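Take a look at the structures listed below.
What follows is subunit A paired twice: with subunit B in the first complex and subunit C in the second.
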Partner chain A sequence: MEKFYDKLAEILEVDSVEPQDDVSSFENWDSLGTLAILAMIDSTYNVRISSQEMKNVKKVKDLENLVSSKMLN
Partner chain B sequence: MNLLYHGRRITGVLTVVPQKVSNFDDEAVNYSFPIEKTLRLKSLMGFKEHRIVDDGTCVSDLCVYGLQYLFDQGLVLPQDIDALVLVTQSPDYFMPPTSNVIQGRLGLKEDMICLDVNQGCAAFEVGLFIAFSLLDQESIHKVAMLNAEVLSRKVSKQDRNSFPLIGDAASITLVEKDFDQSPIYANIMMDGSKREALMIPAGGFRLPCSQDTAIPHDDGTGNLRSLENLRMNGQDVFNFVMEKVPPMISSLLDQSGKRLDDVNYFLFHQPNKFMLEKLAEKLGVSYKKMPSNIVERFGNSSGVTIPTNICYNIGERVLNEEFIVCFAGFGSGLTWSSILMKIGNMKFCKMIEF
Partner chain C sequence: MPFQVIQFVDEEYKSNVFLVVDLPSKHSIIIDSGVRAPLELFVYLSTSHVCLDYLFLTHEHFDHIGGVSSIKTRFNVDLVASKECSKRLGDPRNNLSIYALLDGRGISCQKADIEFSEEQHTFQWLNRELRIMIMPGHSVGGAMYLIDQFLFTGDILIPGRKTITKLPGGDKELARNSLETVRNNFDGTTIICPGHGRQVLLKDVDFAKCYP
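And then the complex of A and B:
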């Protein structure tokens, strides 16, 4: 999962993204930003995160865990 | 589900688009979002302008106009149409079928079959399957397969999720028997468990129209729509397309024994540029072979985007050349379907304005 936080920072247009960051703290974590994030996750990890699962993501670490757990399947 | 056909050809495609061009910048004022956010949407998704009908225009209006054009140009004789198959999600009425409306308005012969089929983004494929099967009959020589939508009339102008990309259009695809028996490979899959990703909740019998169903509500993301408006879950549709379409195409190629490189064009349904480019990258197909320019010019007219794609991008060339193409439609139902076939040497393939 290296580069995961770098890619997120690029999409969210911020200098850095930390695991403990609240997703609500990012201005660009809106419907557009999340679509771009889903696209990145699909192309990088070949995993899909549903809109329902995204709604439950509170901290960035939650998203990383979701992606890792789906990769194991 | 795999399907196989022989001895069928598309002899002409006509696409009818409304004259009225509506552009993204002008519409931006209707949305509740700050303008910078709305412009980000424009650049990420590739929105620019779309064609929408005047209020009151129906699918039969577009189809009658198109068929009359073909008759006037001498491209089809009215009495030669043995079957009219209309695939739409925006019929004129619940009753009578809109294909009968079209047949009646044009004074076509009684000795024919008219069918309305409800399908959305996979309408072109499903319409072709029905046309191909009807041609098994000795009495059927020429099928006019119509794809048509006026869905802009069902989309809230304050829904930034859907309004920028919706388009209206109609197309007439002539399908006939061919003595060339080369196989046409196809497949189709369904997943009704995810049916709510693309939906118009009210207006049918499950939830009839009422004063309440007409009230717009914020869906929690800043988009306003009523229960009578089209509702699309963009993220779920994106996930569905990325998960289901690539294996469908692989399966189609396996079935046919063809490779990706053997296909000249991937003429896919056009949900939006962003999704198509991601899909092209995932499939390993160049953007050139998989056009994604229809939404930014005409909008997403559901099942009509493929005929629009054909007419706009290769309309001139299919008159005298032949291509191996892969059609794919994916969306409401959820339905996904693809076809691998040769097209070319068409009598006509163009776009006109209503």
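And then the complex of A and C:
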């Protein structure tokens, strides 16, 4: 997961992403941005995230925790 | 003008569906199909006595291919797409529908009936010669279609917006090359018909805003 934040920053087109950042604070956290993030998570970590799960993500850390928990299952 | 371009807009993702009607013969083609084919398109084709000949795709993303099955079922037309686009139509991961928050609905289409893989290609439709150009960068299977002065650019060129390259298959350098090709090879009076948004003249496109 060490590159997770770098990959998010690249997709969201920002210099860096921090765990406590509100996802709604990113201009590119829109339908296209979340699409790209879900595709990245699937191809990189082999994890699928549902639309309902994505709607519950408020902080960047929430997304990381979600991916981590699914990788363990 | 011997033909008419009618623009429909998909409600969900605001993707354009273009109907090109050859007025003398009342034959037509469709460029892209939306997440769902717009109801207005079916109404128009059913009430105007226009014959639909082909459905062309500019690229393989779900918001442009979701209506393929319903259009093919209703009108029994051949689907035309680049080879790279065609081979991604059936896989919801490759056409991105599985990630599109469509409540788990993935879109899977059959492969194109007519595929092309050469960088430049011509296609005979009625007495017209359509010019087909492979244009990767936004997606692997991107293509543009030139019909007279109308250039259907898909999502590789959407005037006023930076070309999206962050989706799987996107490539900034290829996108820039594709944009340069459009900028350098077409007349300013060419009418850009993009995958989303309004039609504009090529001379009014600010390419600086489009380069990724």
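Side notes on the structure shown:
By our rule, the second predicted complex is superposed on the first by the 73 of 73 C-alpha atoms of A that agree within 3 Å, B and C clash if a C-alpha of one lies under 4 Å from a C-alpha of the other, contacts with A are read in each partner's own complex, and residues count from 1 in each chain.
In the analysis below, a contact is a pair of C-beta atoms (placed from the backbone, for glycine too) under 8 Å apart; a residue touches a chain by one contact, two chains touch by 3 or more.
This is a predicted model, so every value here is computed, not measured.
Of the two partner chains placed by the overlay, neither subunit B nor subunit C lies in contact with A:16. When the shared chain is aligned, no partner comes close enough to touch A:69: not subunit B, not subunit C. By the touch criterion defined above, A:30 lies against subunit B but remains apart from subunit C after alignment on the C-alpha atoms of chain A.
Residues 31-32, 34-36, 38-39, 42-43, 48, 50-51, 54 of subunit A touch subunit B in one complex and subunit C in the other. Only residues 10-11, 13, 31-36, 38-39, 42-43, 48, 50-51, 54 of subunit A touch subunit C when the two sit together in their complex. On the subunit B side of its complex with subunit A, the touching residues are 37, 40-41, 44, 161, 221, 233-236, 238-239, 242-243, 274, 278, 281-282.
On subunit C, the positions that touch subunit A within their shared complex are 13, 93, 96, 98-104, 164, 166-168.
Those residues of subunit A that touch subunit B in the shared complex are 30-32, 34-36, 38-39, 42-43, 48-51, 54.
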